[in-house]
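Please read through the structure below; I'll follow up with questions.
Labels A, B, C and D are assigned to the chains in the order they are written; within every chain, residues are numbered from 1.
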Amino acid sequence: MEAFPKPLLDGYKNFMSGRYVEERDRYHQLAEEGQKPETLIIACCDSRAGPELVFNARPGELFVVRNVANMVPPYEPDGQYHGTSAALEFAVEGLKVKNIVVLGHGRCGGINAALSSVSEPLSPGDFIGKWTTLLKPAAEQVNKNSNMTATERQTALERISIRNSMGNLRTFPNVAAAEKQGKLKLYGAWFDISSGELWVMNNKTGDFRRPD
Amino acid sequence: MEAFPKPLLDGYKNFMSGRYVEERDRYHQLAEEGQKPETLIIACCDSRAGPELVFNARPGELFVVRNVANMVPPYEPDGQYHGTSAALEFAVEGLKVKNIVVLGHGRCGGINAALSSVSEPLSPGDFIGKWTTLLKPAAEQVNKNSNMTATERQTALERISIRNSMGNLRTFPNVAAAEKQGKLKLYGAWFDISSGELWVMNNKTGDFRRPD
Amino acid sequence: MEAFPKPLLDGYKNFMSGRYVEERDRYHQLAEEGQKPETLIIACCDSRAGPELVFNARPGELFVVRNVANMVPPYEPDGQYHGTSAALEFAVEGLKVKNIVVLGHGRCGGINAALSSVSEPLSPGDFIGKWTTLLKPAAEQVNKNSNMTATERQTALERISIRNSMGNLRTFPNVAAAEKQGKLKLYGAWFDISSGELWVMNNKTGDFRRPD
Amino acid sequence: MEAFPKPLLDGYKNFMSGRYVEERDRYHQLAEEGQKPETLIIACCDSRAGPELVFNARPGELFVVRNVANMVPPYEPDGQYHGTSAALEFAVEGLKVKNIVVLGHGRCGGINAALSSVSEPLSPGDFIGKWTTLLKPAAEQVNKNSNMTATERQTALERISIRNSMGNLRTFPNVAAAEKQGKLKLYGAWFDISSGELWVMNNKTGDFRRPD
């Protein structure tokens, strides 16, 4: 079977002989009854910050959107393709999830791109440049802080981006309504790749701290 | 720490005392040196089909985009927000991944939505309706096949959707160029939630079969 | 003995029957031979951040200056009273310390005062207002970051203040010369009152992180 | 973690595994509720006379200013940087401390400097020389006492310095007013480094004696 990357095939064989055996009944049940995840995670594509690992999740637990820098664009019912908004609609209206967690992380390349004023886009389409305009005003504000180190500015914007996404989530009328009715809760969290620590956002203040 | 869903916190504690301990050196290295994943996975948000589980992946191995029905919109350099295209640009131009895998799966709710002609959208924004228009011509064609069962039509569209995304990937000039130069390879795969089996696409014929 | 606060007298009696007994020989030696501390600590007055506790220090180990917000004013040989500069001169020229550590901490009232634009000073002398003008430009910059929470702004300025003090230390010609000759090293650290964690500054980047 | 003095890191680790564990709840509470120390201590930088050790203090008990020879300059609302006066304002007006203790000690290098007529300052800035001019008239008077030994003259000036600082404290209008209203009490004490004894000042006579 050379027509597939070997590391992936090897990993898949380990899955089949290991985790799948443990979870066989669960997979059967999830196939028969459908998925009923209680949580939508909006996470980054970064290979080091996969939410299933961080939350040691079992199959069926997390409905996961992953895009660059875990962003939620504002509500724009304009008839364009909105992948993140479609996933949000599916989770909230279709699956009736109880929780939405925006999961950011340290050393995020998307955040770094938002903070950099690169003259040359990565490709002529400049999709990252456009995607990160969602963060531009905040990035410019952070960049004016010449007394903060580059790493401090990066961490600051990573956390602002989480709060930003949470604010944008609330621009979706159904999210706002469900939250008001107590059917849906919104959370923010930030994962430190190096130490493995999860920092959880305080919903009142917006600050992040490690759970005890 | 009551301000965070208990199952997630419990899972995180298991991660910290288990997997993180095993992978500590790797996390430190990934933090210091940055991520160097060789593979971009375009997968579905479905809670039962997380690629890290299916491929038993270690942190740092897979750069993962997840949206409803693992779709890639066609190349549209129009200045709008394109989350999937931004992630693609990041993976191909920034990280220089060697492989792109489009990973579909059985019993996909997004595919099911594309096949249904629901009169009522899930929300007034109808983001899923719009998102799945990417599959509409194929869905209509499949639906005309009155001799196929509902399950067969579903599986058929799931696989069509993978090939569709692969075709759209090749509308991005940099993807097409890198593939032509042999620097980048494109793969399709389909995960059967019930049996745990991975079906891999034959790049020449487009057919899916289980690896030996 | 009512002419002295009872808690202090009680504490002193505990010292005499406990720690002093353990350290008797050391106190005798320190009295006979004089102090030879290797480290000058510039710390805050805050009752929660005493450096002897944080560093579990024995008598004779730390020469300690404590003022509001652990600040070092710039070199001003102007004939005025400069308490911090006098202590610095004593430590560097008199005691030939090898290390200077600027120790900041979380939830610092002095930093908070620098960030607040209180219309009324605490007293007509407005000594805090004047003292914290040393931080005003940085505080104003931080305050413009409306996307950062109050706590994030506070932490940012706490760390800037440490770097600021370290920069001002280097305006003293003898400090700069001794550092250049390798006789003296400068360090920054930040103490988290709640978690008890010490974050140490990286001298190259200015960033703070927990030692492993 | 080589970028920090090893003795300090070792001490910090002992703190974290020892004292911090005992005081964890207290640190948490002090972080949440803020500091409420009842006592401001004005002490010397000397490494052998740290007030937390002498008074066996717990975190949160003592708000501590430390400068060379535990001095308080007179009230000078002149717009200059006054570190000690800023700390005094913070303690009295901000924290509403009930007690101020000026803590001197034996074998004080700053007192010794005030008694010596050294022709050469320690550095061109001569900050100690200027700082100790606060004690010059008293030092000159003591030095004329040729019948006292050098040690006696030193002890005499150490105690004069404590009374001097207490006198200067009362030049601050808010200190004087709070003392008159019975809201604030001023104390003097002197610590004998060799014997570990605390000598407490009698507020009426100015004499120092050991508590029973």
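Heads up, the rule we're going with is that a contact is a pair of C-beta atoms (placed from the backbone, for glycine too) under 8 Å apart; a residue touches a chain by one contact, two chains touch by 3 or more.
No experiment lies behind these values; they were computed from the predicted model shown.
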*Given the touch definition stated above, what is the smallest step count connecting chain A to chain D?*
2
*Touching both chain B and chain C (chains)*: A
*Give the chain pair, either C-D or A-C, that is connected by more C-beta contacts.*
C-D
*Which is it for copies chain A and chain B: same residues on both faces, with over half shared, or different residues?*
same
*Once you find the CA centre of chain B and the CA centre of chain D, what distance in Å lies between them?*
66
*Using mean C-alpha positions as chain centres, tell me how far chain C is from chain D in Å, no decimals.*
15
*Which integer distance in Å separates the CA centroid of chain A from that of chain C?*
40
*Mind pulling the residue numbers of chain A that touch at least two other chains?*
195
*Select the category (line, ring, star, complete, other) that matches the graph of chains linked by touching.*
line
*asked:* By the document's touch rule, what are all the touching chain pairs in this structure?
replied: A-B, A-C, C-D
*Inside the complex, what are the residues of chain D that reach chain C?*
1, 3-5, 7-9, 11-12, 14-16, 18-20, 24, 27-28, 30-32, 34-35, 37-39, 45-50, 52-57, 59-68, 71, 73, 75, 77, 79-94, 98-99, 101, 106-107, 109-110, 113, 122-128, 130-132, 134, 172-174, 185, 187, 189, 193-198, 200, 202-203, 211-212
*Could you pull out which chain C residues touch chain A in their complex?*
138, 141-142, 144-152, 156, 159-160, 163-164, 195, 205-207, 210
